[in-house]
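Below are two complexes that have chain A in common, paired first with chain B and then with chain C.
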Partner chain A sequence: MLASQIGYYALIIGLFFSILILPVSIQNFYSNKNLDGRIFSISFLQFFLVFLSFLSLILSFVNSDFSNETVFNNSHTTKPLFYKISGTWGNHEGSLLLWLLVLTFFIFIFLIKSNNQPKKYRILTLLFQQIIIIGFFLFILITSSPFNYLFPVPKEGMGLNPILQDPALAIHPPILYLGYVGSSIIFSASLAGLVQNYISKSWAKHIKIWILTSWVFLTVGIMLGSIWAYYELGWGGFWFWDPVENVSLMPWLCLTALLHCILVLEKRSSLTSWTVILCIATFTLSMSGTFLVRSGILNSVHTFANDPSRGIFILIFLFILILISLVIFFIYHRENTKDVNKIYFFSKETSILINNWFVMYFLSVVLIGTVYPIFLEVMSGEKISIGPPFYLKLMIPFLIFFLLFMSIGPNLDWIKSKNLKIKYQLVLLFIISILISFLILKNKGLTSLNNTVLITAAFYLFSTTLKDFFSERFINYSQRVSHFGFSLLILSILFNSIFSSEIITNIKVGENFFYKGGTIKLVSIENKKVNNYESIIGNFRLIDNNNNLTILKPELRIYNTPNTSTSEADIKTTLFYDKFLVMNLVKGNEYFNIRYQVKYFMIWIWISTLLLALGGTLSVFRRVNEK
Partner chain B sequence: MKNKILIILIIFFFIFCFIVLFKGLNNSNIYIPKLKSEKLLINFKSKELFSEIEISSDKLFIDSDFYILNIWSSWCLPCRDEHKFLMQLNKNSSLMIVGLNYKDKSINAKKFLNELGNPYSTILLDTDGTISIELGAYGVPETFLINDEKKIIKKIIGPINEQLINEINLMIK
Partner chain C sequence: MYGKKVKLRVLFLLLVLTSIILSVYLILKLLEKDVVYFLSPTDIKNLTEINNQKIRVGGMVKDKSIMINSSEINFIITDFRNEIKVSYSGAVPNLFEEGKGVVAEGFLKNLNYLDASKILAKHDENYMPPEVKKALGGK
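For the complex of A and B:
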């Protein structure tokens, strides 16, 4: 009760301070003095007040204060403490507050950490960032306040959606937001840099840490979401090309392109306008993602509430930001004529540019696949949904060339590779890759041409990145780790999709099911009552042809608040494959519907994504230490 | 010059996106499969809920312009939600509402109607659910809009809502 009040007023005062920053910093912008100390203090106050507000929302959740509408809609007294806390951002209002918290935190960090940058550039970045912050303040206060008061006070809450009660999901939103919001700093900084004509080597050096940090958080955030989908949703996969997944993939692709592009800017001061466009696009894509997910225009697990007024607010806000960035881009953008370096074909720049074009292609495929159904429905009234086949058909042929370029690119020099003699090592590795992939596929009896070519390309990338670990030419561990992680990721995904198998059947207690690879037996069923749900646990014995016994115990949970049931898959993970079993009730029947899958290299998908992020993290630390 | 055309094109592109997304906001997310051809309603026979007399459907669908065949059940919660809309539709004189009570107990069904009102002119029983299967229903509630030629002109899976009511009213005008 008290906590909600404090939270609400803290937000309003916070808005006051964030508006106050504008006149103070504009005045400072035109004076000759150094950066005004007041700006730091106000920006800290702004952060502190949002933090206070967020803290009080957490307290309301912990104390199960049902006079708060958000708590009432999303919590319940019997929920474990951990999920009470994570419930704070497991809903529309709370997650927006978290977003605002990260926004204010990041701008404060930016101000502290950019001491060696020009004053006017810092103030302009702050101003652009404040526009975004004020927009979010208004959005929260006008359309989705987390502190609405309920009277009479309900005795009990509605409960958190059980599929959201999962440890991976508890930290998924905060991590993902750090990535999304990091891109807002990149956006503001690039606009400020454009106005001040400061897009240069030193700018690239300074903004690169922000790009890397956002990229690392976004990578880990997406991975956590994917882990959640695999373990909790029980669909038996890690990526479904669901609109919401796509929406997080798009900024990631854009950031990945930017990450490489900024290197060219840093080393060779070319590609300036392209870099700026990427900076703007990354944040715009994050915002469009928010719009698509939150407005209810798309239906998915992430749609919290279908409230058109919210949708309209974000839509208008999004287009104002696009308009501002377009206007600034066209007014201040000028080709850098004095400093144009010639780009040679056999150079690192060219290969990075090629990488960028490929990434942009993948990005546009995902973008079109995601928004096409919306456009079609508005234009013609037809409803369609676009599934994995669309994405796979359009991406895989290009993926092959992308992988090949990625294998060769990092081995080229900046400016111009002078000794263009053919590197025998690379050719040798290529031949070895063809042989290995052919042997593997032959062994499994799957020798279609496109599989062979695809696996060859992936193996080639794998072997060249592995080779780079042992060469002494460059000391660039972060890049090596990331590229190695990426090759491992592609390889695991390919093996996973080619080798995995699935069995779906109905089975009752005591029955045996025979299939080509062994037998499945449902030994018994066990009922258990836990705190906020009842569970039915199946006891399955699986014996394969080599007489190896596996016991799997998938679970059905029936939650009472809200009244839903979830199936918890049981997964036995080994180094090379996962055994995945999930069961479902068949209504009015003693039979259970089971789905048994053997999924190859699942764990390697997570490990390789972590490697990818580790590479980025190493790079961040190296850059911080350089200073 | 070239730059100006580019700017104008970009601005038009974004305005176009804005309008499409804005309109898209108001679309509903409920997916209703389109009927490829308007199918004829099958004939079926069953007992009536109150009189327990067996009635054939071809004697039922004769003297109205439009019919609604609503599959419902007292144990189905969405049916409870959509009931008020059926009561609303009942006021329309060119429409006759026929209920098909799906896998239900008569006592519960009658209690349900006593509590919420009875919009149906006739209620047939589908105790074992076979008639619903023959009609091609997915589950309860499900609603068919039928014209005077006994053709199914609209099929609604799931509960009726405000928007669908408007659509139905437009169709039977």
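For the complex of A and C:
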């Protein structure tokens, strides 16, 4: 009750301060003095008030204060404390407040960390960021306040959707948001840089930390969502090319391109306009993602409420931001004539440019696959969905070349590779890769040309990145770790999709099911009552052809509030494969519907994604220490 | 007649344009085969011919229609005007229940019978896929 009041008024005062920043910083912009100390204090206050507001929302959730509408809709007294807290951002209103919190936090960090940058550039960045922040303030206060008051006060809440009650998913939104919102700083900074004609080597050096940080958070955030989908949705996959997943992949691809392109700007001060376009595109994609998911156009667990006014608000806001950025781009964009560097074909620049083209191609495939169904529905009313075959067909042929370029690119020098004599090592590794992949596939009785070529390319990248660890020439550990992680990721995904097997059947208690690889027996069923759900645990004995026994106990949880059920898969993870068993009950039937999967290299998919992120993190720390 | 630079520019632009047109064409061509259309049982009744395309059918699982044996699940999808039989062997999602919304993906064998390869249900109790809502005529 009190907490909600505090939260609400903190938000309003916060909005007041964020508007106050505008005149103060504009005045400071035109004066000759240094950056005004008041700007720091006000933006700290702004952050502090949003933080206070967020804290009070968490408190309302912890205390199960059902006079607050958001708490009522998304919480329940029997829910464990951890999920009461994570419920704060497991809904539309709370997650927007989290967006705002991160926005205000990042701009404050930006201000204190950019001391060595020109004053006017810093103020302009702040101004652009304030436009976004004020937009979010208004959005929250007008259309989706998390502090609406309910009277009479209900005794019990509606509960949080049980499939969201999960540790991976509890931290998935905050991590992902750090990535999304980090791109807003990049966006504002690039616009400010354009206006001040400051897109240069030193700008690249300074903004790169932000790019890396957002990229790392986005990578980990997507991975957490993916892990959750793997064990909670019960399909046994980790990526479904679902529009909601694609929406997070698009900014990631854009950031990945930017991450490489900013290197060219930093080292060779070329590709300035391209960098700025990527900066704008990344943030636009993050915002459009929020719009598509929140407006209810894409339906999924992420769609909390289908209130058209919210969708329209974000759409208008998005439109204004894109318009502003485009206008600024066309007015202030100048040809870089100061120090134009010629780009040679055999150079790192070229290979990074090629990388960017490939990534842009992948991005447009994902974009078309995601947007086309929406577009078609609006135009013709036809409803369609686009499945994995579309993405795989369009991406795999290009992925092969992408992997090959990625193996060679990092071995080239900046400016011009003088060392053009064929490197025997690289050729040798290529031949070895072909042999290995052929042997693997032969062994498994699969000899499709497509797979062979793809695995060869992936193996080639794997071996060249591995080789780099032992060569003396580079000291760039972060790049090596990330590239190695990426090659491992591609390999694991490939092996996972080629070798994994699946058995689906319906089974009664006490029955045996025989299949080619062994037997599955449902020994018994156990019922248990846990505080906010009832659980049915199946006791399965699996015996494979080598007489190895595995006992798996998948669980079915039946929640009362809201009245729904979830399947908890039981997964036995080993170094090379996961045994995955999930069961389901159709009401009023004695048959249990089970899905048993052997998924190869699952754990390596997560490990390699972590390696990718680790590479980024190493690079951030190296850069911070350099200063 | 024109400078070398202009010629190069024009050539470059032409190249970019043709590659864009070509790629969009290819993508749309691919889309044609890989898209899945969404139909309600009534839409299916109104079909004149059955083509070999994957479709999705949405509606409610009819009461007392689910029949399970060890290899198959049979049920009926209804939109309260027309209905269609579905046979399916695969994993069912949570919340697959009689009287609840469902979307089945597969191939039509005839106008009354769908051989499903995938079943989708909604993620939470109060939420109904827009497709189902529409198929049910906003009930």
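Brief remarks follow.
Assume the second predicted complex is superposed on the first by the 626 of 627 C-alpha atoms of A that agree within 3 Å, B and C clash if a C-alpha of one lies under 4 Å from a C-alpha of the other, contacts with A are read in each partner's own complex, and residues count from 1 in each chain.
The rule is simple: contacts are C-beta pairs under 8 Å (C-beta built on N, C-alpha and C of every residue); 3 or more make two chains touch, one makes a residue touch a chain.
Since the model is a prediction, treat every value here as computed from it, not as a measurement.
In the three-chain model built by superposing on chain A, chain B clashes with chain C.
Set against each other, chain B and chain C differ in how many residues of chain A they touch, and the higher count belongs to C. Shared-chain residue A:I322: touches chain B; no touch with chain C. In the superposition on chain A, contact of A:N63 is made with neither chain B nor chain C. Contacts of A:S200 after superposition: neither chain B nor chain C is touched.
Touch criterion met: A:T505 reaches chain C, while chain B stays clear of it.
Of the two partner chains placed by superposition, only chain B is touched by A:V378; chain C is not. With both structures placed on the common chain, the touch criterion links A:N584 to chain C but leaves chain B unconnected.
In the overlay built on the shared chain, the residue A:I312 is in contact with chain B alone; chain C does not reach it.
By the document's definition of touching, of the two partners only chain C reaches A:S565; chain B does not.
Aligning on the C-alpha atoms of chain A brings chain B into conflict with chain C at a single listed stretch, 25-33, out of 7-15, 25-33, 43-51 or 115-123. When the two complexes are superposed on chain A, the residues of chain A that touch both chain B and chain C are 299, 383.
Note for the complex: chain C touches chain A at residues 27, 30-31, 34-38, 56, 66, 68-73, 89-98, 123-127, 129-131.
Contact residues of chain A toward chain B in the complex are 291, 295-299, 306, 308, 311-312, 315, 319, 322-323, 326, 330, 374-375, 377-379, 383. The residues of chain B lying in touch with chain A in their complex are 3, 7, 10-11, 14, 18, 20-27, 29, 31.
By the touch criterion stated above, chain A contacts chain C in their complex at residues 161, 163, 234-235, 299-301, 303, 365, 368, 372-373, 382-387, 389-390, 393-394, 504-508, 511, 513, 562-567, 582, 584, 586-589, 591, 593-595.
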